[in-house]
Amino acid sequence: MNSPAVDPARLAAAAAELIANTRDLAALGWTPATSSNFSLRLDGQTAAITVSGRDKGRLVPEDIMVVDFQGRAVGSDKRPSAETVLHTQLYARLPEVNCVLHTHSLAQTLASKLYAGAGHIRFEEYELIKAFRGQETHEAVLDVPVLANNQHIPTLAAQVDCLLDKKEIWGYLIEGHGLYAWGRDMAEARRHLDAFEFLINCELEMRKLHR
Amino acid sequence: MNSPAVDPARLAAAAAELIANTRDLAALGWTPATSSNFSLRLDGQTAAITVSGRDKGRLVPEDIMVVDFQGRAVGSDKRPSAETVLHTQLYARLPEVNCVLHTHSLAQTLASKLYAGAGHIRFEEYELIKAFRGQETHEAVLDVPVLANNQHIPTLAAQVDCLLDKKEIWGYLIEGHGLYAWGRDMAEARRHLDAFEFLINCELEMRKLHR
Amino acid sequence: MNSPAVDPARLAAAAAELIANTRDLAALGWTPATSSNFSLRLDGQTAAITVSGRDKGRLVPEDIMVVDFQGRAVGSDKRPSAETVLHTQLYARLPEVNCVLHTHSLAQTLASKLYAGAGHIRFEEYELIKAFRGQETHEAVLDVPVLANNQHIPTLAAQVDCLLDKKEIWGYLIEGHGLYAWGRDMAEARRHLDAFEFLINCELEMRKLHR
Amino acid sequence: MNSPAVDPARLAAAAAELIANTRDLAALGWTPATSSNFSLRLDGQTAAITVSGRDKGRLVPEDIMVVDFQGRAVGSDKRPSAETVLHTQLYARLPEVNCVLHTHSLAQTLASKLYAGAGHIRFEEYELIKAFRGQETHEAVLDVPVLANNQHIPTLAAQVDCLLDKKEIWGYLIEGHGLYAWGRDMAEARRHLDAFEFLINCELEMRKLHR
């Protein structure tokens, strides 16, 4: 099989953008113990993604690799993370998606465990719901899917495909594991990530306060 | 209709002050997902205000626009945020007010939801009550109004006018939406904002602790 | 009455030390809304203290003034804070004390309200008790006094004098108002302050967790 | 008795690495009130360790000393901390361990008190369990030992030896006192420390949320 060609300038720009944004997210404590990974689409066949197992606050260009949409390394001997396919399935299916962020904050982990049984966490009557693309009013009800954890990534990927068949979503939680959020570019993906984190924290705090 | 004239030096100074202070507030996490907006009075007819939808930690001078006190853009094609009138109604009515800060912290959002039913949140026996202009003793009781959320901003503005008819206040909450705080200058508005945030956190924590 | 003479070099050094340490404490969020004040002994008759009402994250040398041990301004028209005497009574009475820190953190405020009825908050079986001068073992029981708030500062000062008659202490809380902590120098006062803040947070969290 | 020889270049490199990493951990608030200590193995007989009683955010090379594996100072008059032997027993026994980190975060202290009765804290169904060397799946159950506090350090050391006889562990808690975590190098020890802190916080929050 021939590997897709990669534009070096485009890769360098994507690596720089990933490194700078990953450092911000690490500083917030959302990437504990070298967890989490982050990607940007390069073109119709490839994406740049962080190599797993690195301290996300100190990435260098060598910590960014290229993968195709089957999650295989392109032009590199590095082994992509098993979770790579959860990024690339979004690029393969959704042409408008150009950035995927997977984080692992305390609140995301807690919510993923508390709401895995229900299968979703519901946000209602929050102004910040308008932060998600396509939401024009705070009166909407937003249900964020929560998948049961599973070491078999293709099973998770198949579950995500089912979710995407049903309606437009901008993220989901995996039990005990954190959040996937995405957008048309890094700024939108970060705005979605920020809104998910805020709303999840609201719901957790309301559980503590509302008794 | 003739637009009011704007002094460019005054606008540049206001923009610089807004950008620096907004960056501080973003670093505290009080402006999640590009929410929140901030303004400074320029004169008797206009104010400088942050353009909506920008990352509040990275504003540049182009992200500040001028509006009149009906909330209309002055000398710009940018569309002001729908909430602009909640800033400008204060400038139009209260000549001593020169700065309005609207933030969206976790604690503000939680309190706005928990106390919307009561219509206010009460602070009692806190030394920090003296941080508000006109409060000379911690023995005062301070009731901060909480408005029900409403996508129809003129309705919110009319409710705020009723509140201002009754007594002097330095801020209010909107359900699910955050806080408006103001003062005679940026320093006083930030002192009021800081005191609101602190006292709101106190009340929320006391609910968790006092059972 | 003749004012005591002040050594300008000593005052400049004390001001620099106060400004740097106050900035650290402001960054921790322990001085909300221009609250809190900090002092260093200059000699047997005077101390340098922060002027009240300033943003504690941005002090300049002009924000430090000299007071005598009755809490009166020395060589300045500035009005000392009413709470100045709670600093100077310690310098007047305890020759080994050279630094007093008064902060206003969320945890200090909460604990001061929750434990004012009991009159003290008790710390037991914490290794960090050894951070206080004179404590050699974590097996000690440490009772930190909590005074009822009172706008009449001489009454508070008289209560503190009674506490000091009974035993050696390195700090106390005032209801709704925060903490006073002190030490033989800035490093020791900050170590005591840090330990109080940590232990207070432990007790508050244990209340939430231990049911 | 002859002291072991120390390679000055190796010591200087270890001191620099300890200082930089200790500053990071202090900034996280995990070393309150000059608590905590950190070490790196130098060779088969000695380790470099932080001197006790210093502000961990501001260490200088003179705050790093050399000890042998009985916890005695090498080439220095400084008195090693009583807890030194809890570091060196690991170097003496486990040849692959080259870094030991002892911290004192709020969450570690709380968990050490809440779970001392049970003797361990259990982590189950967390993706982050895979952050520990040798854990390949999140399906594992991880029990972290919690020792009763004891001012007699040799007793604690003997208890740790018993734990190490039973199975491979990468850390333990001491009641009221904090966490010991280690690894093959600084990066691995910090990854383990980070994972312990995250998982402990998860368990504490779940106690508050899950009722």
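Think of it as A, B, C and D in the order they're written, each chain with its own count starting at 1.
Basically, a residue touches a chain if its C-beta (ideal position, glycine included) is under 8 Å from a C-beta of that chain, and two chains touch if they have at least 3 such contacts.
Since the structure is predicted, the reported quantities are computational estimates derived from the model, not experimental observations.
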| item | value |
| --- | --- |
| Proportion of interface numbers common to chain B and chain C (over half same, under half different) | different |
| CA centroid of chain C to CA centroid of chain D, Å | 33 |
| Centre-of-Cα separation between chain C and chain A, whole angstrom | 46 |
| Residues of chain C whose C-beta touches two or more other chains | 208 |
| Topology of the chain contact graph, where touching chains are joined (line, ring, star, complete, other) | ring |
| Chain C residues touching chain D - in the complex, by the definition given at the top | 125-128, 131, 137-139, 187, 190-192, 194-195, 197-198, 201-202, 205-206, 208-210 |
| Residue ranges of chain C touching chain B (in the complex, touch as defined) | 32-35, 55, 104, 106, 109-110, 113-114, 149, 151, 174-178, 204, 207-208 |
